[in-house]
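Each in structure tokens, the structures are laid out below.
Look for chain A in each of the two complexes below; its partner is chain B in the first and chain C in the second.
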Partner chain A sequence: MLMVKNPPSASRRERTSSHDGFLRYRNFRWAKIAAVICGISIAAYLMIDVQPHPNGGSAEGYVLGTIGALLILWLTLLGVRKRAMTRGRWSLKAWTSAHVYLGLSLIVIATLHTGFQFGWNVHTLAYALMMLVILSGIWGISMYGALPKALSDNREMMTETQMLEALRSIDRQLHEAAQPLDQENADLVQSSLEQDPFGGGLWARLTGRYSNCSTRAAQAELRRGAAFRPKLADDPLDRIDSLLERKGSILLRVRRHLRLKALLEIWLYVHVPITFALIAALSAHIVSVFFYW
Partner chain B sequence: MGFKIITIARTSEGREIPREKLVPGDQISVGRLSENDVHLADLAVEPRHAVIKETSPGRVTVDSISGLGFGFDGRTVMHAEIEPASTGAELRFGNHRLKLGSDDGTIAITVERVEALSDSAEEKDQQTVFTIRGLLPGKRVSAYTFVALILAAFLAWPIYTYASAHGEKIRPAGFHGDKTWETGALSKAHADLENDCQACHVDAFVAVRDDACEACHTDAHGRAATGLQRVAMTGPGRPGPAAYDHAPEKLLAVARGGPDNLGGRIKAFFKHSFNKPEGRCVDCHTEHEGAGPMPATQQAFCADCHNGLQGRLQSAGFKSAIGSATDFGLQHPPFKPLILAGYDTAHPVPFAKRDARSGGNPLLGWQMQRAVMSGPIKMPDGLKFTHAQHLSTSNGIAEMWRNVSPGQGPGMDCEDCHKTDPSGTRYQPVRMETACQSCHSLGLQTIGGTVRQLPHGQPAQVIADIRAFYGSGGSFRPTGLPIARYTRARPGEVNAERRSADLARAAALLPGKGDALIRATFAPGGVCGECHTVGMGGPDGVRIAPVAQPTRYLRNGWFDHRAHINLDVRGADGSRRWGCRDCHAAEKSNTASDLLLPTLTTCQACHTGQNGAHTAQLVRSGTASSCAMCHDYHADEGAPWVLKRKGRKTEPANQVAMLQVRWR
Partner chain C sequence: MSDAFRIAIVGSGPAGLSAAGRAAELGLSHVLLEKTDHLSDTIYKYQKGKHVMATPVQLALRSPLDFDAGKREKVLGTWDEQTAKHGVNVMHHADVKAITGAKGDFTLKLTDGREVKAETVILAIGTQGNPNLMRCPIEDGAVVQYTLDDPAEYNDEHITVVGGGDAGIENALGLAAEVAQGNVVSLCNRSAEFSTAKGPNVAALLGARDAGRMQVLTESTPAKVEKGWITFDTRDGELKIRCDRVIARMGSAPPRAFVEACCAEFEEKEDPRNPGKMMRGVKAGTGVQFTSNDRLAYPVLSPTFESTVPGIFVIGALAGYPLIKHCMNQGYDVVEFINGNTALKPADEPILEKKFAGLPKGRDVAEWLELLRTNIGILQGLSPLQMREFMLDSDVRMYRPGEVIFVRGAREDSLFAIAEGSVLVEINPQDPSITVPIGTGEIFGEVGLISGRTRGATIRAAEKSIIVEISRLAALRLQRQVPSAQKEITRISIERQLLQLFKAGLTKEDVAEVVAGAEVRTVKAGEAVITEGEQGSDVFVIRSGSMIVEKTVGGKPVFLSYVPAGSFVGEMALIDGGLRTATVKAAIKADVIRLPGEAFARLMASKPALEQRVRQDMEARRIVNSFVEERKHSFSGAVDLYSQTAKFLIDEGIGEATDVLLIDENLCVGCDNCEKACADSHDGLSRLDREAGKTYAHLHVPTSCRHCEHPHCMADCPPNAIHRGPDGEVFIDDTCIGCGNCQRNCPYGVIRMDKVPPKKPSLLSWLFLGLGPGPGEPSHEWSVENSKGEKPKKAIKCDMCSGIEGGPACVRACPTGAAIRVSPDEFLTVARLEA
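What follows is the complex of A and B.
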């Protein structure tokens, strides 16, 4: 009886237990809303014949411009909103979902607002900045979709602390093992020790290419020097070589980790500051329109 | 003698753990190998790096034996001499620091690692080291920087430009900050103003007003054209074309009515909220639409106001006679030609001022009025002329015409008298001398083969000439003979001579110095009185009623005869069917005061407006005729802008295309 009376409870439990990301929130509710807004805007744009050609000063231009400006301000508020997590209809997830899809609809709204008139002026600057913000957002979302699995695969249950500790350990061992070496080889090992595994700049981070990796250079150089030397039992250079090999593989993992994290983070360094640049340009745009009305 | 070597290690908490070792002798070695007295586990140190020797009590030399130097007082040296007891010293080997001092006569060397053995071993902030923080300027910093830069460049600078140039007549050359606000290039006509935003945007937050336009575009009567100076001063510019009003502003406001759709209401809301008044020049003449010719004024359709205009005006209390119009083919008020409404005899204008031959204006002194042409109307113009009589092919006039102009057709045709102006647009007034006089001769006397003519237009002179004619003769006796018949003779030189001989003979018999002839000349049916209405009296002895022939009746519309004379409208029999008489019912006009203007219906037979093709009567498919074919918003004396723009004269193809209509 009870089961029959309350069948929704089961489904509710099911729904809450399954993860429903902000993109699929409520079966793409906000995607649909955004699509409707875009559809109406496009239809209105096509139906209203603005002479001599469409521009932001027509009736539809004003409406689209107002909607666009308000939307930009609201979208910016996610930065404030995300610091307070709540549940329910106005949960952060709902808010984020709306942020994503309404942000995308801005492409249509603002482009129609321009009437496809572009030039070297503050108005097009605002538009370009807005597109930059949206594109960086799209980039960010696609990275969030693609990278976490790669990140986790690469870590293989290793934490960042453990990665750092592994580096320190291998460095200690290298240092220890290199003590008997002559100065030339010792310098090679030293160069590996002295290089900052987190260095290399933004470009190296994003590409994962560290062309001046001292560890690899030291290993190659040591091998070159050892190539024609007779093999000795218990040669410290052999030990150094295997340690450098190990350090190389640890570095590879760390650098892949760094690259993936950099790809995950970099968009926000565009998205957030350019949003503020956009709001500044938008203000200038609006003021200028009314200033020289 | 001897060295005390104190090696300091540190616990993870940073506490020091010193270990001491005494080395006797006057020399110790420093190096990475464990066999050294000072053993530095440091890859930056040579296996056998240096030797420290006590050369004399209290005096020490340090010598590199590896070829690699060491740090001494901040410099890298190969050799150093030190007095540990007095000055002490710090040596640097790789990542280690050796402090030399004196301790109870022995030389104390404190050895301490001062740098981590590897970079990774250094202290790292795990929160940030795995992120890209630090590799890029912080988000907050860049956000503030961007905001500051953009507001400075695109808001503060333009406003500064505005404020610093406010009130200047012409802004100096060079780049001005507010150029970054420009939404699009100005049209070719206004390119001179490209650098001078404030030429039009005079006050901040005040929409462009008509004053700004009128600074250059003055009205037709050349109001003090302050703005012309601007054009002249900025280079090879011309004064702007004159701006004319379309209608009084009050009427315009009423005529416009309220916005009737959502878009209109939205736009009205914005305009109202942000102080953008309606009806300004720039409402239609939009700018910043890109370089090149100014775009065609947007077709804010005439009908927006003129549809139902009369009702709106009347309900607003205006007594305007403007009719409503939607489309020429469907709804258009009847023509209202400006016609002569009688000569103002109370305020007569001397004939000299009205005489076109001496540059006068025949319309002076005439009262004019707008007549409504809902049907044929009358307009007495001072002449007694009937078109039907003159166009007949069978009456005496036709016979006379065939005599005078053999081979010129069975009767007179319109163009025998009516000549167009040089542009072909409309017809010049008919001139007595060129059109009438070949039949209506003013010959008085033949002297030596030359016909002496009475002067046209100078009645006093006519009287004088007749009196002179008699004065030069001998004695005259009254006969009462054919003076009454001194009217019109058959045309031609022969006839003129014969008649003047008759006159001379008859006159020789007349008494009274020609009074009878003068009376006969001016009497109805006489040489003058036949065409003119003549009254007696006045300073000249006679008063000829003024005559005027307006050349343009439709003042607000444009009609071009030239566009119609070559009309290739062919009837079923292939003959050309279109001529003057198809519109002007001259053949049926037996009254002098008939005004032979065609009515609206006549035009509508071909011109079906933009939407009224089905109303075409004369042609199969109507000639598309929008308002702009005949009207301009800013109407002046010239052709409508649309026609001018088509380049009628330069491109006859336009005309042909326009006129290719087929007989129904």
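What follows is the complex of A and C.
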């Protein structure tokens, strides 16, 4: 390691911010812990011969089940931890890291807890819901891995407020520039001004495709018309065309921005509600197990 | 006006009003001269409903007029009413142009030709000055105004705004904002650039121009104003446009020239700005004298506020007291003094008494002040009045033998002076028993003051000592007021810096030759002190600011390292001989000490330990050099990226930062949890804007405080409410009066003015019952709906979560690890290249 020597910038404040992402946190500390937990669970499963066959009601099964249930509750608490800005030496990054790897270890722990006994009952429902939560989490992590860079590139140092402000400013200019136009062309510009450019529902938001965008339609229509007219100097339609062009490109940017943000968030709308369904099913599972014991 | 008044008071601000009120109470014949048609113009011009603060809280108000924090309207209303009640003799529209005569017989000439006679004059004109006037011919009947109160007043007019500063731009934008008003607005600026205006204002102006809402004329000056028309001189010749109204916003002239000319004798002398030309100037030693030529200097005053012209008294902001309460107290005091009440103790007496309370008994405030002034070398040039003011911003304490005064590594920026006793400096952190003494009358702690860096050594009292801690603000003012103090501080700081930097058992005598030849130089950002390939053997010590080292590789400059204040550069060529191997240039405006090469070489020759120490440092640099040389062909891409990133960060002001928030946009998912955490840790207001700010190679510098080494925000804070905390954080305390100076002075736009929102329901009641706005900063609407009573807007900025266990909330609350806080010397090292 090579360092340039500088006088010590002694500070009494501790520096806690090491530059590593939540997946690599402290050199994969939580990945290692999760792997050890999984390894021990698998080894125990293989070494202990439960009669007549492995099941959740055995002593080993109870241990795994208890660990799994407590883990699920703890993992749910990330939602509270994230929002409760209390004092103290905690880092949300460490929590996220642990959340990810311990959450993944549930695949092993819970599957072993079932003893591979599945059926159409509340027990398997809880298991299935848990797997759905984990799958949506994996999907989320892949989004977290892939999209931030694209989000940053697309912004090009503009904030969302600035993008929307730019859009409004172009709309104002369009409104002024359209004053000398005839009714037909003015209506086209009006249609672009009136449309909510981000309407079109969830699908449009997630794909970034807005098939009935009236800005694009208006521009196409104006250009079609222009092809049949003589070229004039200082034609107000030229200014309209360039404004619509600018509006089109800023719309593209905002729509991409909203799409990326939506993709970064949408998985949470699966992950979190199913977590609550899981906790309900889990409670039913635990109560019923003890009730029918 | 035939008879002379006993007292003429010029200016009806808080100081003048209070003085006039006291004179009326005492039944003295007096006149209050106000240039406008209303009292207290500065406060009158505050925006509607502005909350006026009454700091410092501990200072008692001594004035015939009442004053309490409250809305501008209420404050002004009280004053108007009480001025009338006391029967103050006010003369409106009385703009004093010149003052002549002598004590007992002054003549005040007004701009409209009237004259006022008075025995004594109190100048309470503040520091705002008069607006610069249009100098071109103006036809009768043409409308020219110098203020704009409400842009909505004007409809369907052709309006020309002259002046491209913030005031002009804001006026022009306001007039053109509402299309329905039908105004045709033009703005004219003398130069091509809008260099004095804020960035967002310029952007808005150019946006309005591009949208066709306004005409912007650059490199133009008005040549003639006629009824309905204005003519400009432009780069391309004359231009005449329609114009019903001219609004001139061309800055204001500080009142210093007027004050200096009071009762002065004049002589012909050379114009300093126009060599060769003669001008009428004030003869030295006459008129009201100022403490120095510094732009911020104040008049020389006696303890009774009397200037160098007997009979002319100066109070208020012009005397160096910008706070309303101070001004009002002085108004009262000065009239008492003029009336012969010499026994009156200043209103700050109790505050000073408290400061001296911890010291041995037996002396009163005046005696203590005099003791400090005579014992401490750098204070000897202060007048008794200045000494009082100085002590208000300083502290004095008694230390027992062995008691720690400050510890190595603390980030404070005050200066210490020994009034009695002596201290010991622990020069070796490993062995506290090795010490160097500093004796009575001397100063210490000057490195923190000058470089803004951490304390270099722990210092303890050697015996029972009385020591003054001089705040940064007081120390800076002292240096402005007393040039000899400045020289002394500079000399001591150079000497100490060398001793501390090189250690190696050097003594004052060893470095005397080098110190004598040393020269302090200010270097502009981007300017080089050492250029690669040049001859030279001088060594440079960076006193304040920071430098970057660059080397040309393959025709492109490659960033080698960041050198903070307190380091030295240039030793390589001195030891090895030969040409400079790299370029060293200022990252931000910096002060360097140039040490003559030959003298330094002689010193090294006589002190082998020093040479060894310098060689050690050099070795580390040589490794970096060879590291880059070695690989310049193989990894130019990586070096390039590193070099560019470093340059980007320096451009973003990281060079003057001590601790800055960075966001790795490869990891940031845009959840804004950092902002929410910030708001929830601090009264519900976020002090950072994650999305705003520049980005390079996915490294984002959000709009958030960098805790500069020399904070720009501290420069002009009337209540002195901005401080640097023990961990280096720059924070604003509760005495903020919401004036917005710091916000305007911050080049990074990280200070906001806002009201503290009401308290939110708890997190659990939001989670389970949906009460309140949830985590993060509440919406403006919610705050307005739920707040009770009037709250002032105050300046809000990052305090690095000082006092909060666990450290900065933004970093703790980042779920992905995108947010990091770094100091530049940790972050800008080639070491990162290998990581």
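Points to keep in mind about this one:
What we mean here is this: the second predicted complex is superposed on the first by the 260 of 293 C-alpha atoms of A that agree within 3 Å, B and C clash if a C-alpha of one lies under 4 Å from a C-alpha of the other, contacts with A are read in each partner's own complex, and residues count from 1 in each chain.
We take it that a contact is a pair of C-beta atoms (placed from the backbone, for glycine too) under 8 Å apart; a residue touches a chain by one contact, two chains touch by 3 or more.
Not measured: the values here are computed from a predicted model.
In the overlay built on the shared chain, the residue A:W90 is in contact with chain C alone; chain B does not reach it. When both complexes are overlaid on chain A, the residue A:I279 reaches chain B alone and has no touch with chain C. Looking at the superposition, the partner that touches the larger set of chain A residues, chain B or chain C, turns out to be B. In the superposed model, A:K82 makes contact with chain C only, not with chain B.
When both complexes are overlaid on chain A, the residue A:P197 reaches chain B alone and has no touch with chain C. Once the two complexes are overlaid on the shared chain, A:A220 sits clear of chain B and of chain C alike. Legend: residue contacts after superposition of the two complexes on their common chain; A:V36 is shown touching neither chain B nor chain C. In the overlay built on the shared chain, the residue A:E160 is in contact with chain B and with chain C.
Once chain A of one complex is fitted onto chain A of the other, the partner contacts of A:K261 extend to both chain B and chain C. Legend: residue contacts after superposition of the two complexes on their common chain; A:K149 is shown touching chain C, with no touch to chain B. Annotation: chain A residues 160-161, 172, 176, 261 touch chain B in one complex and chain C in the other. Against chain A, the residues of chain C that register as touching in their complex are 179, 207, 211-212, 408-411, 453-454, 501, 560-564, 566-567, 616-617, 620-621, 623-624, 627, 658, 664-670, 673, 676-677, 680-681, 689, 691-695, 698, 700, 726-728, 763, 767, 774-775, 800, 804-809, 811-823, 825-826, 829-831, 834. Within the complex formed with chain B, the chain A residues making contact are 48, 51-53, 55-56, 58-60, 62-63, 117, 119-123, 125, 160-161, 164, 167-168, 171-172, 174-176, 178-183, 186-187, 189-190, 193-198, 201-202, 205, 257-258, 261-262, 265-266, 268-269, 272-277, 279-281, 283-284, 287-288, 290-293. Within the complex formed with chain C, the chain A residues making contact are 1-22, 25, 80, 82-85, 87-93, 95-96, 144, 147-149, 151-152, 155, 157, 159-161, 169, 172-173, 176, 261, 264. If you check the complex, the residues on chain B that touch chain A are 32-34, 41, 43-44, 46-47, 66, 68, 117-121, 124, 126, 129-132, 135-136, 139, 142-147, 149-151, 154-155, 158-159, 162, 178-185, 197, 201, 204-208, 262-264, 266-267, 270, 274-276, 286, 289, 295-296, 298-300.
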